[in-house]
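Below are structures written as structure tokens.
Two complexes come next, and they have one chain in common, chain A, joined by chain B in the first and chain C in the second.
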Partner chain A sequence: MRALLRRQRYLLDYSLSSLARRPGKHLALLLVYTLIVFLLASTLLFTQSLRREAALVLAESPELIVQRLLAGRHELMPADYLHRLGRLRGVSESYGRLWGYFYDPAVKANYTLLVPRQDPPAPGDVILGTGVARARGLGVGDYLSLRSARGEPFSFKVAALLEADTELVASDLILLGPEDFRRFFAFPADRYTDIVLRVPNPSEVRKVAEKIALALPDTRPILREEILRTYDALFGWRQGVVIVLLTGALLAFVIFAFDRAAGLSAEERREIGILKAIGWETGDVLRMKFWEGAALSLTAFLAGYLLAYVHVFFFAATLFAPVLKGWAVLYPDFSPLPFVDGLQVATLFFFTVFPYTVATIVPIWRAAITDPDQVMR
Partner chain B sequence: MIRLAQVSKVFNQGRHNEVRAVRDLSLELDTRGITVFKGPSGSGKTSLLAMIGCLSRPTSGRIHLEGRLISNLPERFMTAVRRDTFGFIFQRFNLIRGLTVLENVMLPAYPLAPAPSTLRDRALDLLRQFHLAERANNQAEWLSGGEAQRTAICRALINRPRILIADEPTANLDSQLSRELLALIGDLADQGKGVLISSHDPLVFDHARVSRVVELRDGRLA
Partner chain C sequence: MPLSPALLALTLASLTQASLLLLASGFALRILRHWDLNSGSERQLELERRTYLVASLVAWVFGASLLSLLLFVYHAEQLSSQFVGAMCATGVLNANAWGWPALYLKMALFFAGAAWLLLNRVDNRAPDYPLVRPKYALLLLIAPLALAEALVQGQFFAGLNPDLITSCCGALFGPDSKGVAAELAGIDPAVSLTALYLSGLTVLASGLIYRWRGWGGHLFALAAAFGFGVALVAIVSGVALYVYEHPHHHCPFCLLKTGHDLVGYALYPPLFAATALALGVGLMTTWRRVPSLEGIIAAEGRRLAGMALILFAIFHGVATWLVLRSNLVLLGSG
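Presenting the complex of A and B:
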């Protein structure tokens, strides 16, 4: 057992020194390899985080949201609809929501203003999402001044900052009381933005939606599952990502297969012959080369994954911003929570390390099984 | 005692470029002393040494070492015999570039996995014995011809083989170095190692310590 481990140690030592002996070739290989892992891992980490954030958001969201439509566009919801909807069978609870968007020219960003259902801030107070606080450089106790849509100046006291367990939705948020909301937007007193219904029994949700469409034809019920589906389509998990992943892996495969199949250099082949001639078994040569590949793969994998992690979680996937604009529109300021999934790491590992190993070991094996008498020529 | 019975080696058998390098050769060799295979280039010396040293297999025929069949063994056993019984000194030295002299010498022992300190000491001992101690940490490609040759000998000796096989060992050396090399080989023979040399260099086959000369021509005994 000791001898067996020691033998691997010797082979590993030899592999490492052999990597160091051809620094140019191996560095180039390492760079390309790292880049590929980086791209794949960035894609995976980014999409995974998007889905996860979405799931967190939707877990909280109600079964049904009812909007009013006017000429096919989102209209304000009359307050008296609330009673009519609340009386429908299967609906356990109904309430009107007040929310809207506000463009702040000072920082060129969109805020979401929202009146929370529970414990709304006192008149004159606001609670800020971290993104807003950062953008305006505000802390608790400071004053947030905004010029309303009608040009009147408003000043709110920052009572608290939101704890960002999901930065995704909380970042651009300003929470305020209902009176302040209505005053700020000059929002009619008998209107809501939309109405939310809770339907505890999932099998009744569709029925309720149908009844709404009949009773109030100028409204549109939105089901949570529909939102879910929309998210899924947006994230394009099945289509886009898998394609990216596979093309990436294929690319990796092609590059390395090419590099390796295009050949062991004459010198490498000779070295294998010498090792065999002086007493190494074919298996020893293969194991040594395996360690060589493993050291290279692992280094590239770790480096690539780490870089991707930093890229996605600390630099908000800057490199992907142009590619993923379609998604980014949903969330103007997306900086996902650090998150690592074991299965995902394993998948990535399989798609990168495995093709490389196969591509490298085959030509080596072919060289290693030939009789070593060639080195005597 | 090494016994060859009707040994043949055919390259590219059945193809238009077929070569019969060794033909139906039967021979008994002492595993003590120095045996030289002499003959012109292409007479089959290297092919024969390769088969005896378990670097390749005969196309037909058998080779016995001390009564044990060593030809036509499965790869692993062939390697084991080669590693334990034979040490090789190649014509082109075949040191691995980029490795130090010490590492080159230790290389044949890696599959046997002795304790690292033991192996190091053994290698350093050999290097001292062959006046290479100062070169231990130099890269192999910077050695002079004589130094490279002696490094190759140290490497051949690291697993303490009973038999040394040297293929044209003086081909890349001048007369002075060739004589020095033969003196070293003579010392090894005195220490009880058997030595098999192929050469068409008179300095070698006319050397006083050579105990037997086997002459080859066209793959047959001449």
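Presenting the complex of A and C:
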């Protein structure tokens, strides 16, 4: 066993010194290899962190949302539906929510206006998401002027700004009191936007939803787990699409690697010839070349992954964010939580090291079977 | 079909593996027809050189199959969030009829590959390469396995329909998930744990006999293969319950999660490695009478059998420790 390890160590030693003797030749390959790993790893890391972020945000959201449908479209919820829902077993709390969208022509962006359930702002006050504050250049104490649905001007005092760590979901948010909300939108007094139910026991959620669907046939219950599932699939799908698009680059890389490995210089051929003449076997040359590839792959993989890590977690994936995140005028600025995932590393391995090795096996073998007398003559 | 990177990676890997093995099969046919060590012809020389290439390709394919087995399980685990009622990989593998067969084929490919590589290793040590023909004939048998694996996995992925929100209502009325393969999980833990120890003893006995007497390699491989099956059943119906400390939680994959101290990594790798080694020993003893291999196979077989026994012992030790440290009482009054 020890002899085997020592043998591999010597082979690795030789491969490394051989790489070091011709740095220029391998540098181009290393650069391209690193770039490929970087591109793929950035995509994977960023989307994965979006997924996690969505899951973290939704963890606090209500288990069940009930919306009313009219002619297949979302419709306002009559307040008496709250009573008609009655006391369903398993529901600890139910309440109507007031929220809506508002298009602000001044900054060409959509805001989300919401009445918080706990501690709504005093009449005339609003709390702003950081995106809105940035877009309108407002701070605490300033006034936000909007033209309402009926064309009347409204002016709200900015009482506070939302914390920056909620930015992914709250960038475009304006919180205001219920009276202001109804006045601003001319919202009917006996209506809510939707109804929210809290169901503490996860295994009862589906049953409750079924009961609602029976009791109020013109509504649709939406489960939190469904929203999570859909986000999950959506982000996975986006990842997949980007990777399919990158396949072209991957293919080019494979051809490049094949070409590099196939185009041995006369000097390298002579080197292999000499090695075989002094007693190396074909298997030894193969192993030496294998170590060479392994050293190259490992360096490129680590460097690429590290760069992607820095790109995603320190620079918020500046290069790909628009494609993977979706886009809006009020762009949230957010720094994803750093993490490393085994599944991702294995996936990345199959997209980079695996094709590289497959592409180089045949050229390496061709080099290894070189006859000493042929090249030294 | 969900279009996730891991799914694309697995498909890419399976297709590459299958096509490389097909290439190797073409070469295997040429070997079977033209191999003649005594000939000095150019063709023979070329064949000899090409065996290096094929051995490297095959080694790489089988190495990748191990990694793809792991990735497959992880990916199924990750997909579980997209299916109603799927709590972990088990639920996803149950999502259509191809899930479990894909996993089994992946395992079969790994074992076949490991045994083949061990045989190849022994053969390369003999000066006259006596096993070239049988070796490449075996490769012809393994290639369809890789093809089947790629096809079944493709079917499995193509048949996955995540339960997403639709415009009319949620996936509320989707079908309930099925449980773990009920027959296996339903086995009484007392029976499965007893079977686990009995099969362990059989493996130990046959392995020791092989090491001392030098015969019974096939018996050892057979006992190990049987022991492997029993071990998986025992994990599902017995050991898992003790790990989760819950009498109805049978999942063989949740053992790999951090929430359960990653104990799966102490259970599965020794079990898989031990079984692969034992199968290799069984395969190579078939040719123990070949003159140029006699000494090599005897020595190598003993060494590998010893390693397999140590790994089996580690597996059984870990399983026993998991049962003993658990607070769950299933057998007796505790």
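Everything below uses one rule, namely that the second predicted complex is superposed on the first by the 210 of 377 C-alpha atoms of A that agree within 3 Å, B and C clash if a C-alpha of one lies under 4 Å from a C-alpha of the other, contacts with A are read in each partner's own complex, and residues count from 1 in each chain.
Definition applied: contacts are C-beta pairs under 8 Å (C-beta built on N, C-alpha and C of every residue); 3 or more make two chains touch, one makes a residue touch a chain.
Just so it is clear, the structure is predicted and the values come from calculations on it, not from any experiment.
By the touch criterion defined above, A:373 reaches chain B but does not reach chain C. By the document's definition of touching, neither partner reaches A:218: not chain B, not chain C.
Contacts of A:351 after superposition on the shared chain: chain C is touched, whereas chain B is not. After overlaying the two complexes on the shared chain, residue contacts for A:152 are found with neither chain B nor chain C. Between chain B and chain C, the partner in contact with more residues of chain A is C. Of the two partner chains placed around the shared chain by superposition, chain C is the only one that A:206 touches, whereas chain B remains out of contact.
When the shared chain is aligned, no partner comes close enough to touch A:93: not chain B, not chain C. When the shared chain is aligned, chain B comes close enough to touch A:10, but chain C does not.
By the touch criterion stated above, A:282 is placed in contact with chain B and with chain C alike. When the two complexes are laid over each other on chain A, chain A has residues 282-283, 369 in contact with both chain B and chain C. Interface residues of chain A, counted against chain C in their complex, comprise 40, 43-44, 72, 206, 209-210, 213, 220-223, 226-230, 232-233, 236-237, 239-241, 243-244, 282-283, 286, 290, 342-344, 346-347, 349-351, 354-355, 357-358, 361-362, 364-365, 368-369. Contact residues of chain B toward chain A in the complex are 46-47, 49-50, 55-57, 75-76, 79, 82-83, 88, 90-91, 94, 96-99, 103, 107-108, 110-116, 155-156, 159, 167. Interface residues of chain A facing chain B in the complex, by the touch rule stated above, are 3-4, 6-7, 9-11, 14, 17, 21-22, 267, 270-271, 274-284, 369, 371-373, 375-377.
Interface residues of chain C facing chain A in the complex, by the touch rule stated above, are 2-10, 12-13, 16, 20, 49, 52-53, 56-57, 60, 64, 67-68, 70-71, 74-75, 78, 81-84, 124, 162-165, 167-172.
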